[in-house]
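Worksheet for the structure shown next.
As written, the chains take the letters A, B, C and D, and residue 1 is the first residue of each chain.
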Amino acid sequence: MKFGAMFVDVLRSVFTRPATRLYPKVRTKAPARLHGKLYWDPKLCTGCTLCVKDCPADAIELITIDRATKHFVMRYHADRCTYCAQCVVSCRFKCLGMSNEGWELAALKKEAFTVEYGSEADLAKLFAVEHPGEGIPPAGEKPASALE
Amino acid sequence: MTTESLLQQAESLLATMSRGSTRPETNRLDVVIESSGLVPAVSALKNARWGYLTALTGLDLGVEAGVVEALYHFCSDAAVTTLRVRLPRIGGSVPSIYQLIPAVGFYERELAEMYGVTVTGMPDDSRLFLPDDWPVGVYPLLKDFDPQSAQPVKVPPPPRGSSTGERFIIPIGPQHPALKEPGHFEFTVDGEIVTAARMRLGYVHRGIEKAVEQRNWIQSLYLLERVCGICSHTHSVAYCLGVEQLAQVEVPPRAQAIRELIAGLERIHSHLLWLGVAAHEAGFDTLFMYSWRDRETVMDLLETVSGNRVNYSANILGGVKIDITAEFAEAIRRGIDYLEERSRHYLDIVTTDTMFLQRTRGIGAMTREQAEHFGVLGPLARASGILRDVRVEAPYGAYTRFPISAVTAQAGDLEARFVVRLKELFVTCNAIRTILDNLPPGELAVKVPRRIPAGETISRVEAPRGELFYFIRSTGGDKPDRVKVRTPSLCNWTSVLHQAIGCQLADVPLLLAGMDPCFSCNDR
Amino acid sequence: MTTDPNYPWQTVFDKLKTWARVNSPWAIHFNSGSCNGCDIEILATLTPRYDIERFGVKLQGSPRHADVLICTGPVTRQARERLLRTYEQMPEPKFVVAVGSCAISGGVFQGCYNVVGHIDEVLPVNAYIPGCPPRPEAIIDGVVKLLESIKGK
Amino acid sequence: MTFTDFSPLLTILFFPGGLFLMGVGLLYEWLDHKLVARLQNRIGPRWFQPFADVVKLLAKEEIVPAIVNPYLFVGLPLVGLAGALTAALYVPLMGLPPAFNFPGDLIVTLYLLSLLTLSLGLAGWNTSSRFSLIGATRALTQLFAYEAPFLLALLGPALVARSWQVSEIVSRNAGQWLIVTQPIGFVVALIGLMGKLELPPFDAPEAETEIVAGALTEYSGRGLALFHLGKAVELVVGLTLVAALYLGGIGNPLEFALKTLGLLIIMAGFQSVLTRLRIDQTVGLWWRYGALLVLLQWVIWIVWKGLSL
């Protein structure tokens, strides 16, 4: 039986620095394997949609621009994503990956969470289809990496 | 006794009630009985002290078959005996076995509200998981359930508990600082003494068991992982084991070892988390802060190894996603050494600190008989001297190669629960070291077909809170037909609510914390 | 206190109020159907490694004391009314933060029969923190972004 | 120099009463939180944290529940704060002689200090939310538990000085470290102060995990801020009293500030290493050990005095 068994720890804390990390002032690098935001390489994709089928949260949409020439746009919903990386495992052509840097995703508006990946020309085509009569958006209006 | 002789014993015990029995898997006996034979069959098993009731699964065989089944699963070591009661889809009825096994109360209420089966003689037939505004006569787990039919109905507001006379009701939850998760309790107090306890679940009920039927086998894995954010890995392991048994694929030994390794790290994180929360409930914030500070060590390890801090997604069907390289192994060893030293220190604190012992020693004591009577599982049972640990009783996966020894204590009070959980950390640390020293080489995963062969299987896994039970049924499609999840918390509630009566109100939060409740597990 | 905008003390008072609000966001946490993952990460932000008390954030038990409602999980049918009631009990000005993918969009629980939807279908949300669950650092990041936005108002 | 030379109004409103006192109180509160945080191996709040908290609460909407008596709801926090502020006028704040004094002011001070707990209890009863009711019951139970031992412990120095006037006791006992001759009294007084302030481990009346925020559960905005300020003021007054009576008088302001700081550090240490006591354990502790030990010390002291005469 002891009175104040944590005294040792408490005393030690007086002479050591706090365990607190000073985020956001000081930022430590996230581990290499961290499952952050998804990224997609349009060049390798064959449009098999296995990633879409296996996604547990409907976070990925693959929009076909031109099936024959394998032109697609990927619409990724960071707010639905569960960061499980099943899509990365399911993809046979290694065109998906998860970044270990894109994890500070907080935003004040939900619109920021929908990201479109694809070549600039494909993105412009998609925009023209979805927003008829608005003309081609100026470059940089809807950048591929809106979350960064 | 071997599994085989246990099953033979069960078969002979049930011979008079049996309407046909099968052996679907080597460790399972499936006995079809009439609903009138249920009470004699359960008494026969109970009187012979054959295992314990582990779960009650409802099963809808579809509109064409016109049959709903109630499966009563009994486990004794690795042997599982299932009593299968066939009932008509509409108007089916089974007798309640609450008088024999009080732990069945929650399961029977679940069966009644999910399948519309009448359970005659239930002591409490109020809503368990479904919301108050759920229409009468709509049963979500039936195959022809239409979500449109479940429109909210008007309910009279619950009578506001009066504080007249001696009935003074303290509501705890669903939003309450003592509960990080929503559940609702009503403690009737006389001064500071609790005289009655009631509980309402269902605030976290999302309907995962139904949702699984609409998702393919792979999607279901991640959905089930999110049944609970604390023991997420054990849920996915239980599901993977079941699916792999159905698909009859052999998971590579390396993958099995990595699964056990992650499960070990998860157990450390869960127990340290619990230690902190329990200390916080007792008003000992410094212990909370220190145990959570040290817990960050294991969180870092998990994040480094798997990429996520909480829902690791380490498993895929047929193996694991992640490999443990030599560099990671070294980091894990270092972390484990530190954590083991700290755990010894915490064990010292919870067993010697005078003020803390005043809040734990002799409080909520549960004898071995009581624990058996209430069907308690996990550390709660082990603190009362019952060796109930699936990893020891029925080793699965890598536990056959890297066996683990169970920790038990005799006192059954809150202090014993602290001691059992902390000592489990030492055992776990040693197991992790053994695995790291003998990590088998080879593949990480084998291919599992997208369509799983038809069949039924049971997988049992030891979660940090106790035995986790999965019943999985496939009809050969690309989606599961039924996944039943029975989590340890649900089994432990009955005992804790009984213990609360006669306790001080101030002891209630600690008593609730003592069983390490997980509402998201309960409610699914 | 007068409300005349020409009154010179008014701007000083307003500045003081905003300063106090930004530096003392007391929070209350409501889980309306989450898997627990976000909840333990929120709790982890209080502990020595992250120590969100640095920013003046304190976790309160009573909604009457809180300024920020931290919501986790999709909204289940049974929890919906309680979530609304907790929000109504909070005194003005109040802010809502949705933590975790399923609080923002339903995440994996989209289409479950007992899930009403995500948080912003029930309450006005001021900041979203996606992740499953977000790392404690990401939660701090979200809180800082929310405080920045209050400052700007 | 005494402060009675100044206009009494100035004394009461700004220095050493009123604003100055609240400022010092909040600073001490920050110190307490910061110390506990450091002992828990974390950084803790910034220095202006309590000020921001109070200003924010004052600027917030105040919800008056429908079932309460609104006059009591609004009035009780004022009474509590006023009690604590008035008590401050009779103690040697910051090492300066008390602003007012009269024979027997020690007793009056102690009762004024209890006013905060009493109004807290009444506020809890008035709100009649279930958590508030239990919080109020516990607060009042605790009041009756520590009040007598605390009083007995502070009367020890008075007995030595043969006066019940704070300024008299302080000047007659100047230089005498009564902590040495009356250690039990000192410990009981310090722990009694922690009980009075409902600091851990005596925070059962506001035990978050059991009864949310106790008597204050329904308070928001201004009422909460005033109770908060009252606690802060009481912290300063209590520390001043214990330091002045037990730690060798007031000396100069700097020396005195250091003495109170030392007491605060000891209190922070107690707060971090001890587990919350149940209310029945608190009562048992005070009556079984606190009161009896102080009485025992009195007996020893009287016998010793009698022998040496």
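By our rule, a residue touches a chain if its C-beta (ideal position, glycine included) is under 8 Å from a C-beta of that chain, and two chains touch if they have at least 3 such contacts.
Keep in mind the model is a prediction, meaning the values are calculated, not measured.
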Label of the chain whose CA centroid is most distant from the centroid of subunit D: A
Leading chain pair when contacts are tallied as C-beta pairs: B-C
Gap in Å, rounded to a whole number, between the CA centres of subunit D and subunit C: 34
For subunit A paired with subunit D, centre-to-centre distance based on mean C-alpha positions, whole Å: 53
Numbers and ranges of subunit A residues touching at least 2 other chains: 4-6, 9-10, 18-20, 56-57, 82-84
Residues of subunit B whose C-beta touches two or more other chains: 176-177, 222-223, 226, 286, 289-290, 293, 296, 303, 308, 311, 353, 355-356
Interface hub residues of subunit C, defined as touching at least two other chains: 47-49, 51, 54, 60-61, 107-108, 132, 135
Chain contact graph, described as a line, ring, star, complete graph or other shape: complete
Residues of subunit D defined as touching subunit A within the complex: 37-43, 269, 272-274
Complex contacts: residues of subunit A adjacent to subunit D: 4-7, 9-10, 13-14, 16, 18-20
Complex contact set, residues of subunit C against subunit D: 16-17, 19-21, 23-24, 26, 47-48, 51, 53-54, 56, 60-62, 64-65, 67, 89, 91-93
Subunit A partner contacts - residues on subunit C that touch it in the complex: 48-51, 54, 101, 104-108, 110, 120, 126-132, 134-135, 137-142, 144-146, 149
Touching residues (chain side subunit B, partner subunit A) in the complex: 215-216, 218-223, 225-226, 286-287, 290, 293, 296, 300, 303-308, 311, 313, 316, 321-322, 345, 348-349, 352-357
